[in-house]
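Below are two complexes that have subunit A in common, paired first with subunit B and then with subunit C.
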Partner chain A sequence: MVKKIRVLLFSFLSGCLLLTGCVEPHILDEVQIVHATGYDFVDEGHIRGTISIPVYPPDEAIHSETLTAVSSATREIRLLLDAQSNKPLHTGKVTVVLFDRKLAENGLMRIIDTFVRDPRIGMRIQLAIVEGSSTKNLLETTYPMEVDTAMYISELIEQNIERQNIPQSNFHVYLSNFYGQGRDPFLPILRQEGNAVRVTGLALLKEDRYVATLPLKDCFLLKILLERFGEGSYQVNLNQDEHAMLRNLESDTDWEVENASSNPEFKVNVSLSGRISEYSGDTLGDPKIEEIRAAAITQLEEDLNNLIKHFQELNVDPAGFGDQVRQRDPDFSDEEWDKIFPDVPVEFKVNLTIKETGIEE
Partner chain B sequence: MSVQNIKSMSHVSPFYVFFLVHSMQIGVGIFGFQRYIAMDAGYNAWITVILTGLLIHILIWMLYRILLDGGKPRDIIDVHRQYFGKYIGNLLSWAFLVYFLFMGITVLRTYIEVIQIWMFPTLITWPVALFFILIVTYGIFNGFRVVTGIAFLGVVLPFGLILTLISPLEFANYDRILPVEFILGEQTAAVKTMTLSFIGFESLAFYLPFINGAQKSQKWAHAGHGLTTLMYLAVTLVTFFYYSRLHLERVIYPSLSLWKVLELPVIERFEYVGLSMWLLVVMPNIIISVWVVSRGMKKLLRTKQRHTLFFTAGTLFLFTIAFETREAIDNLNNHVSTVGFYIIFCYVPALFILTAIIRRFRSDGKKNSGPSV
Partner chain C sequence: MKKNREHSRSFEEVLTLCRESDDFINEELLGKENSIYYLSYFSSLCDSTPLNEFVFNPLKKKQCYSLEDIKEALPLKGVKAVSSGKELEEGLNQGQVLIRFEQGEPYGILASVRLNENRQISIPEMEYTVIGPKEAFVENLDVNLNLLRNRLPTSSLCVKKVTIGTISRTEVAVVYLKDIANKDNVQTMIQRIEAIEYDEISDTSYINQFIEDNSNSPFPQLIDTERPDRVAAQLTEGKIAVLSKGSPSVILAPTTMVEFFSAFEDYYIPWHLASAFRLIRLFAVLFSVFSTPMYVAVLTYHAELIPQDLLATLIMSRSIIPFPPIFEAIFLELTIELLREAGARLPTKVGQTIGIVGGIVIGTAAVEAGLTSNVLLIIVALAALASFTTPIYRIGNTIRLIRFPFLLMAQLWGLLGISLLGSFLLVHIITLKSLGRPYLEPVYPFRFRDFKDAFIRVPFSKQYELPELTQTAKPERFSKKKAKKHADIDEHIR
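Presenting the complex of A and B:
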């Protein structure tokens, strides 16, 4: 009896293995893999969606193709795009999502919501804002640097984050700044120039709306405030035609907040260390290095002061000054912070160590 | 030490209580508990995890005092019969069995739901449920040792998944848990919520007689629960460092969404691997629940466990496929959790006090009887 039941159970279990093919398969050759998506503003209430798909024609090089549809809702755009595609569209490999600047001025969250809900979307995908042209144009162009347009754009942004002046940014960083109390989000801005794309700076957003652009050179200042190890470069002007370039700066920012719960006052100590990678004068002796160091500190303090003034005028807080207050005040509220941020006194103190000056004196 | 009416072939050594306790506590709750405790106590909720962990150590100790009568292990059915008589006692035992049956249903249905949301939206519930239940039945059919074995594998094999907690730290903001505050009102509410993630260890009340040298197993029960607490603490802290608070409130399964940021050279989306591995974590939950129900019914009805096992498996299957929507599954989770909370935080202490009174009374009667509490 027992043996019989055992045999019966065993055969049942083996039979179950055959049931494992019960779901819809997604075979690579039978789906269109979307690599990039772009959204443009058409008019109030209408958006144009463009997707970039890699195609693999026989005996020919791989290239990217685009499909476009206009509608009032992102979900419907998807429907209209599917209507143009010979194979089902698959969103699991999206690496870049682009937004037209005009669209960003009207708020991004209603579009991003689709991506937030989709379990197939990874958190490392890049979001960016396009200025100067539509995202459709940008995605349609073939770039000689890389066959796949989406790959070109995402690698371009990532390179600028890892090695240059752009602070860490991706889907997750955007969401955590958007939802984070006392922080405002930012996204990289792209501009198409001939057959190349250039990162021109950061778009500062209030809630999910575009407010202003931070030029690339100032992005470095934001990066040292946000990150511990910021790689990037910074130009120090000694006088009219004498300047030096600082690179590979490591930064450590120490925030002091007084009266956090009533009238916050900031003392921000920025400790930097890096090397001089370029100097326009003749020789770099010790007194010269000291001179550069002193000039750099004055210039950095001035630039940081201007930066925070700029943020206060716009009332955007991408550096997270509000977050520093939140850490010290349990009753922190975003509404309250919005009111007081423009008048909060901030004092910067920069400390700079020059570690190396390159391989020549 | 040994119990006469259970064959020693089905006994396991005390060490395995570690795996039985730990594997039964970690299940589907770990996918989303951080969100709920954060709703109660904000980002101070990591204190709650430690606090609740400590409280439950006390309850495990109480449970052992109730179940060990002068060194002899007995199960909750014996305790009920002794304290409340045949009829009321058995009725209470049946209530326990229904609770464990629903615990099994909850875990199985929630796991299938998660697969449907994250991996295969078109997956039909019943074939997967059937597949699960057949494995579970097959395992229990071969005795308690197999159940223990599954619990062991369910802890050891997926243990490597703990390493996936490192990846989200790339985007960690360690200041998110500041300011640290201890507000009693918040913590009490959060302790109640957190308890729901720890329930399951009370199945001890059924399998203790199957442990060789049950007394020696207590330290392993505490250790197993200790590991659970540490894991929950790690998951909570990583989640808090990674999400901002308002963001966390919007994510249904924060632990799964953590995997969205993990990128491996060969696997673009880790959820597929992680969720499949989770089958091993979920399996002990279901198998122990079903074992408890079938074993309890066997004892109450004085019949063969084979029969009660098939009955339990059938009921589990029918109930599992009956829950269709997110809302129904959520309600099921809430109800089972609430009942679990009252069982461990009210019923166990009540039974403990009763035990203490009875033993004091008894030792007053006959001067030389066994050790009191």
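Presenting the complex of A and C:
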């Protein structure tokens, strides 16, 4: 018995020593941690990859540096980037991956594929599309609001998701929209403006290709369709120079689908509660609030109808209408849905509760 | 071996052997009417005042013709005739004086005039509590038993004495409450103590190592305490206490792992506070064991686990350090161990200085010299601090020790290594027993009843059942039904 234990113990310990060769250590300060990556379209066969890496000089402030390489495959870009770095590149802390709009028009999946396969890449990283300039320019610029460029961009996107109009979006959401049946992915769009970066809206994608842009103010409409709780702002126009700003606190969307398996018809009941955060007029009395409420409902219904018409014209489905059908129809197929979606009748009914109007003297 | 011990020396051989020592006194005493007594004793073991008062004086005043007469003449208890060498040897070595009529006689009278040199009962040092009694056990067995009997004035308090150690002849007392303690537990304990084969037993810690269920485990399986209140309280839960001559610490068994983290003060403060502190202590232990290995594992293998905001701090603190995290960690851990060891060996006042020198000077200097990162310094110092929160000193040692294998595994396999060794350790703890009772109880085996005084301590009014661990002869401390509500003052406040 004792002998058996000894043999076991010995083999275990020697196994330990032999197997250690298989695990590759990445000591934190001996790797170059990549914080952001950007991909630009060069020509049909070539992509330019840019990485943003933070540099920590001993007695100076932290700043970001970029490395760039052009190649036909993303893996080769990695090789060329490694060739420029004094320490091995570590992709575990990538927080944001950016794509040039031109590249997005040509399809993203061949690039994203490397990220899907890498177990070091977290599912909560942000993907975004850059318009107006190349991702290289965007990453090379130093922004005064934050020393680390990647942190600035990822925090910017996250802030817009949590508190503003952009619906929940990250690598995981993108993949589930891409692979999930009956929905199409969307990604935030960034534009560099001087010393700052601005979120200009959402890029609507069909499969993995850019189709159209949804402006920031319409993102609110998509957000209330997708999420239960969400913050966002919506402007209600009463007449030409009288308008109110509505901030959403809570929304609940109830989907009713009739004839899911043959000719789907949608009745979407959107219940919203919000507060008036801004009003251009003088005082807000009860009748005025009621007027704003009525106007907001009409406007919302109209806007939602326009939004879905826009989606149907483009034949993209970021709100997941197809997914609602799929939940009710076991024979759902993406190909079928693509054919019928442009003509599906959708009726919106908005229910709005105004909870607060702010402090007034 | 055993035969040798059984074979005892003859009466005369004992005396001859004793005469070789210079503190062995043989003197003649002239009594009344020219009667002569021969007295033999160890001057170092006998108290001269009672020797003069109760032996010399009565013998001088009275004439004795027989040993019976001497027996009657001495106003002492336990005076007895002796004729065997074994009895004589024992008696002389316990501070008794041998009285004979003739020098060569192989029989005489033994009278006890033992000199008791004791330390005063003092404040507990290892298990100090702010609230509660301030007495601790001392090295004298009788005093210790006295402390216990004072706390438990009941005739069911049983003391069974066993003598062990071929040379030291150490008296060991097994104490339990007859109507509560499980008979098997008592039997096992006595058997285990009787089975000890050793020449000299210095302390209960020796006994502890002999009777532990698994003496190769780094985990202590029996509690040792210096607090009489703790022992008394545990006895009422059906546990068994082992006291030994010359030892201020008392062994308590059976016990569970969680009990090592419960300070006795937990019973003197309100239950919710006590529970919170106990949980903090348990957290501290986990932190102490895992923090440094986690640091090494994460910095060596899992950079992606570090939050973005912490990344800059960690990289900046490590940027000028030439060593990999493992050397840095071992260097600091060993420094702390050295400080602790030095502090424990030195006199109190010097020890404090060492603490300050070590903590402030070495720590700061090591960071400034670029040998360690300040983040790790904080982690290691906190881990060391956390390991000292354990109320029972013995488990603190274990916690400090098992950190090192974890460090090694963290270096070899990262977090996988930590979890692997963690599982090994867990399996080991599960198999451990304390006096044959499960060590990880109430977690494994799961016993809901014993959770009331494990990770948290529920109020006394809810602790009417005795713990399942000890398998007590009596199921309850008090009957829940009988405990009636008091008619209190109920003043209506408007």
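Rule of thumb we're sticking to: the second predicted complex is superposed on the first by the 337 of 361 C-alpha atoms of A that agree within 3 Å, B and C clash if a C-alpha of one lies under 4 Å from a C-alpha of the other, contacts with A are read in each partner's own complex, and residues count from 1 in each chain.
In this section, contacts are C-beta pairs under 8 Å (C-beta built on N, C-alpha and C of every residue); 3 or more make two chains touch, one makes a residue touch a chain.
Worth saying up front: this structure is predicted, and the values here are computed from it rather than measured.
K.L.:
Using the touch definition from the top, say if A:Arg163 reaches subunit B (first), subunit C (second), both or neither.
P.N.:
After superposing on A, A:Arg163 lies clear of both subunit B and subunit C.
K.L.:
Given the touch rule stated above, what does A:Leu175 touch, subunit B (first), subunit C (second), both, or neither?
P.N.:
Only subunit B is touched by A:Leu175; subunit C is not.
K.L.:
Considering only the touch criterion stated at the top, classify A:Pro330 as touching first (subunit B), second (subunit C), both, or neither.
P.N.:
Only subunit B is touched by A:Pro330; subunit C is not.
K.L.:
Answer with first, second, both or neither: which of subunit B and subunit C does A:Ile62 touch in the superposed model?
P.N.:
second
K.L.:
Just subunit B (first), just subunit C (second), both, or neither: which does A:Gly122 touch?
P.N.:
It touches subunit B and subunit C both.
K.L.:
For A:Lys339, select first, second, both or neither according to whether it touches subunit B, subunit C, the two together, or no partner.
P.N.:
Neither partner.
K.L.:
Check the residue A:Ile33 against both partner chains and state whether it touches subunit B (first), subunit C (second), both, or neither.
P.N.:
So A:Ile33 only meets subunit C here.
K.L.:
Does subunit B (first) or subunit C (second) touch A:Gly92, or do both, or does neither?
P.N.:
both
K.L.:
Between subunit B and subunit C, whom does A:Arg75 touch in the aligned arrangement: first, second, both, or neither?
P.N.:
After superposition on chain A, A:Arg75 lies in contact with neither partner.
K.L.:
Same subunit A residues contacting subunit B and subunit C, which ones?
P.N.:
Residues 16, 19, 23, 92-93, 120, 122 of subunit A touch both subunit B and subunit C.
K.L.:
If we count contacts the way the header does, which residues on subunit B are in touch with subunit A in the complex?
P.N.:
Of all residues in subunit B, those touching subunit A are 117-118, 120, 122-124, 127, 130-131, 134-135, 137-138, 141, 171, 173, 175, 178-179, 181, 242-247, 250, 257, 260-261, 263, 268-269, 271, 306.
K.L.:
Spell out the part of subunit A that touches subunit B in their complex, as residue ranges.
P.N.:
That would be residues 2, 5-6, 9-10, 12-13, 16, 19, 22-24, 92-93, 116, 119-124, 168, 172-173, 175-181, 183, 323, 326-330 of subunit A.
K.L.:
In the complex of these two chains, what residues of subunit A are touching subunit C?
P.N.:
16, 19-20, 23, 25-29, 31, 33, 54, 56, 58, 62, 90, 92-93, 95, 120, 122, 148, 151, 154
K.L.:
How about subunit C: which of its residues touch subunit A in the complex?
P.N.:
Touch list, subunit C to subunit A: 298-304, 306, 308, 311-312, 314-316, 318-321, 324-325, 412-414.
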